[in-house]
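Below you'll find the structures, each written out as structure tokens.
Consider the two complexes below, in which chain A is the common component and chain B and chain C are the respective partners.
And then the complex of A and B:
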């Protein structure tokens, strides 16, 4: 018995998926890549971030200072660069912890179900009932700990939504015949969850990661804006936004630049997340 | 197509040299090319094709409902003298619905679940009547319209569509499509998603409505037998072009194209057991792959150089019978002999006898009750007993809701019976019988599911899918790989497929992989739950052949679950008819099908189209 392989139909959907990403995604990718590079080597570029030049205070953009200077005469561009690492690390930690915890608890709750599912989901419900950002504000102002404490609190309060979403995706997969086939072939439960469920819910994980990153970037910047994030004086986007409001009319870029940096990074990460989600869910939809 | 017509033939719909392409960022892909089609007033035509033939896109082009990116690139569509493609968007939208209406395959998604049955019909009435009708008048008219499609229960008007059965929904959909009194109804696989008995009713209803109203009907289907039972003329579509056109009885008696011939033969018959199942190897190509040759040449055993060097035209070979095959006169005789020999009935299979008379599986008085939301319970199985002897193939036939799938799942341990017991024969005779949920039962019984698209992990390569169960037995990676190669050979696929993902395989190939995986643990019993019903006709026959072959070679016992009596006839030795959780008739397959005794079995067999 032979079967033709030469005339294998390649579905249209599949070919579209393999094509180059659209322009907007390329731009978003380049921006995120630039931010990541700067967050690693930015410290070197930003050697001048804390040098005060009280002779040129709140100057607008010029050849010497591309984004002008702030109230203490520090170079705004250098400070935006220097703030990159802080801006990226917090959201990375929060989104990563969300990724790991939600895949463990979400898949376990969705696949095993029963008492374990109830226990996990009622705990999730409990945390969702508490306003995470407010808890973070209280925790940081009462217990101190600044940026680190904010990351810990936001990490704890960020996971619940992810667990719910991953659990939903896991339940959807659990009902599909391939999981039943694996069960009837005697494949162990842990292996089904790790080797089959996890890859198949991964598009959701990627999308969640992107959303978590963007939201916590904004949340952390918001805390710094309120003076609850990093130590005063450290270059940080949210803090700069707050402090430099005062010189909005003499050097608007001093507060606008970090503001735009926050917006662009959040939007880019979200765009990439959406695109990856579509890209990785598409092959499953391939049917003749 | 300007050959002679009977004088009374008056065309209502004319499709001329229609081409449709799909524009993507990668460029244009042809979906349909040079389609010529005519529907007379009061005529019923059938458009028959496998998936990928473009039959649904053709209907959507006529109804101006093409999906985004799919556009008409040439030709014209004329309805009663009006060129539809030249109308502006608004005029076209008014045309569709008023004069051309559509009916789709899936009765479960076609109707709005938030609307009552009557509302679907009244909506149509409002648009076509010049004056607004009152609510009461609308309801009365809706009741009348429902009666026309055989729903005499007046309460149905106020029911939500999700409260109705599939057949009822399809009737409501038909009534809604007819509400605007169209002169052309396009029905896209209207009976495919329904049970056999309901299917026959809907088809009868369609032709009755067509005759009573004198409207034209276009029936789109993958099933030649359905087309023959309803249509006056049939168009056979393949890879985006028409291969053959003819009157239904002529096409059925003497197809003039090897593809139609193959399609007819690969649909197994329910009338007798065929000694040899004939299938068309390979799959439907994309239209662009065969644009400069005969579209069927890559799969045709009669293809000559001339077939591959030029695209043949659709020519008339006898009165009103057109074919795109240039070799038809040369091969007609050969095709006829092949048909005659294929349909010759064969003796029932001789089941290999073994010394031990132990049953592979014995099912004793199994009940299964599912609890539903409001404390109510659904009794899926109400005391079923049957046995599958070693080497035997047992068919389990029933419609949806009969409990056949539930029983299959109980046998492999995916469900547990609420009452009764299922015992499996252990690997070696000395051990005690196994329960389906026992770990050791995995090596005794395995299952092949219906939908090959969802029964394989889309992220797992074929090789890894085959090796995974073998490695649970403690075999090394390289031993498991050797075994995977043997398995893929056994199901007739090339070894390089081990490195592929399921998404790059066709439905038939995926089902072969699913079968190979089920065989990986060397089970003695295979539960096959509708293993061919999601596949194209020509591929169905390939898979049925594979089952026949594997069964002999591996001395497998099969529990074959299906709704399709033709499939049962071809594959099984004994058959059990399941109806509402009870076995109503059992016996040797030939006896049960030739002389059924139970009224339900009789009804089932009477519903087989063709």
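And then the complex of A and C:
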């Protein structure tokens, strides 16, 4: 945060400029928007992801194939575009469930406190000590269930950190005068939590949503990279990365391009999340 | 008084390992029965079999006994270091783990060292120049690093440093000499370090910023102490406590990274073993590895808690009194 406070009154023009997000955040927003658009109209832009051209296998980038072709002669760009859908859906589910569950458990733990709080927090501590991605790897391989199972396991692990953060925000709110005023007016506990506290912790929830999205994007891609998660043959960024490692030296873009797509989307979403978090909460506080 | 508290705390913490170990062992044992179709399905893996074979398998692995008896037999074996044999290679699970664990420990140690050597100074530097362009660059880079999956970097490095520039060996662990082995671990070690470096940097910066505003720092400055002494002796020493708190998180991150890094670089460690076992649904190997990871994390957390207690006396006081 580099806002310098000066003594003279701030002009309206400057206030408008100040409220505009920094350049990097605008770029991040544009990239996320582009990915969302491509996930809908990608096929129209780059053609089908499954057309094979066995005459041009593992070719480097050219005018016909901007990112070259993979081992089966499929256009890498078309597959990267087609992969946007899987890339977006899984993380959206995980982040949404994190949003809902953490607002319920986080606010309940923070506001009600007592035995409920310590039960919830002991559970959170337990899960946070475990390597979620490794558990997901083992669960998918032992229980089966592929992508769906991966999403379930990662959702369970993902929500724990959120609960801790939302609880912190709820405790902070609890000490504020407006809550005390509501209580002295005899407003029901549930109503205080739902109608008054939730809106006030929502900035934290939104920031958490973004960070969850980025983390689970990387985690799901990692599972597919190991050959778990999505079905073989599905255009999925992590899976492409792994399969195309075999042609890393003839067409490096075949595996590096989906890799960059993962990084750019994760960085964009993370930047947005960090920006929202800093904007609405005290700056420079350590998360977790 | 303080030492007594610390000792009592250590004993309590050690005793807590017993239920944790029990819990881990139950989870690991139950893994086999979680396979759809049970342990027999895991053993035959869809191959056509006769009823006789199934019966023989059941008898061999004691699957016809009640679950408690099965657990007891299994536990007795595990306590003697017997995890059974891999379904895939028929090798003793304990042998594969023993021969591979060294590499994984080295890889984790290298990754952690790099992360500390880079993360702490950069975080301190950024905090001291808060708001400057250097600070923003460092913070931006750390956001970038923390969102970058290790397997993408691993492939990128493999292509750039291994193939294009030809600075480092591509795959494997080399000819067996210690020097060559370490040389082969440089690139994987750097990849391992990326995410934890970002985490350590972020925490160091934040807690250093906290420290700079503290009264004792202002006092040290007012007394005319050298800025370097103020920062390193009074600031950084306190700023590193939050890093210690996050150490559990860092260990878990490193462990996850190992799986991908070993897989990409073709290193025969525990991570690569897990990938192979998982692809083949090789339950005994998975069991052994889950146990190792469970113990690994419990011990790491124990060490973290104890060193935290040693650094910050308030911990033992609070935890003993409640």
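We take it that the second predicted complex is superposed on the first by the 253 of 288 C-alpha atoms of A that agree within 3 Å, B and C clash if a C-alpha of one lies under 4 Å from a C-alpha of the other, contacts with A are read in each partner's own complex, and residues count from 1 in each chain.
Just so we're on the same page, a residue touches a chain if its C-beta (ideal position, glycine included) is under 8 Å from a C-beta of that chain, and two chains touch if they have at least 3 such contacts.
Please read all numbers here as calculations on a predicted model, not as lab measurements.
By the document's definition of touching, of the two partners only chain C reaches A:227; chain B does not. Touching more residues of chain A than its counterpart among chain B and chain C is C. After overlaying the two complexes on the shared chain, residue contacts for A:249 are found with chain C alone; chain B is out of touch. Judged by the touch definition given at the top, the superposed model places A:187 against chain B, while chain C stays out of reach. In the superposition on chain A, contact of A:267 is made with chain C only, not with chain B. Of the two partner chains placed by superposition, only chain C is touched by A:133; chain B is not. Once the two complexes are laid over each other on the shared chain, residue contacts for A:54 go to neither chain B nor chain C.
Judged by the touch definition given at the top, the superposed model places A:44 against neither chain B nor chain C. Of the two partner chains placed by the overlay, only chain C lies in contact with A:142; chain B stays clear of it.
In the superposition on chain A, chain A positions 1-2, 284, 286, 288 are in contact with chain B in one complex as well as with chain C in the other. Across the complex, chain C meets chain A through its residues 31, 34-36, 131, 136, 140, 143-144, 146-149, 151-152, 155-156, 158-159, 163, 202-203, 205-207, 209-210, 242, 246, 248-249, 252, 255-256, 259-260, 263-264, 274-275, 277-279, 281, 283, 286, 290, 293, 297, 301.
Listing the residues of chain B that touch chain A in their complex gives 22, 24-26, 29, 51-52, 281-286, 289, 298-299, 412-414, 439, 442, 446-447, 449-451, 453-460, 468-469, 472, 492-494, 496-497, 501, 503-504, 506-509, 514, 517-518, 520-521, 542, 545-546, 549. Residues 1-2, 24, 128-131, 133-134, 137-138, 140-144, 214, 218, 221-222, 225-228, 238, 241-242, 245, 248-249, 252, 255-256, 259-260, 262-263, 266-267, 269-271, 274, 284-286, 288 of chain A are the ones touching chain C in the complex. Listing the residues of chain A that touch chain B in their complex gives 1-5, 7-10, 12, 14-16, 19, 176-178, 180-188, 195-196, 199-200, 283-284, 286-288.
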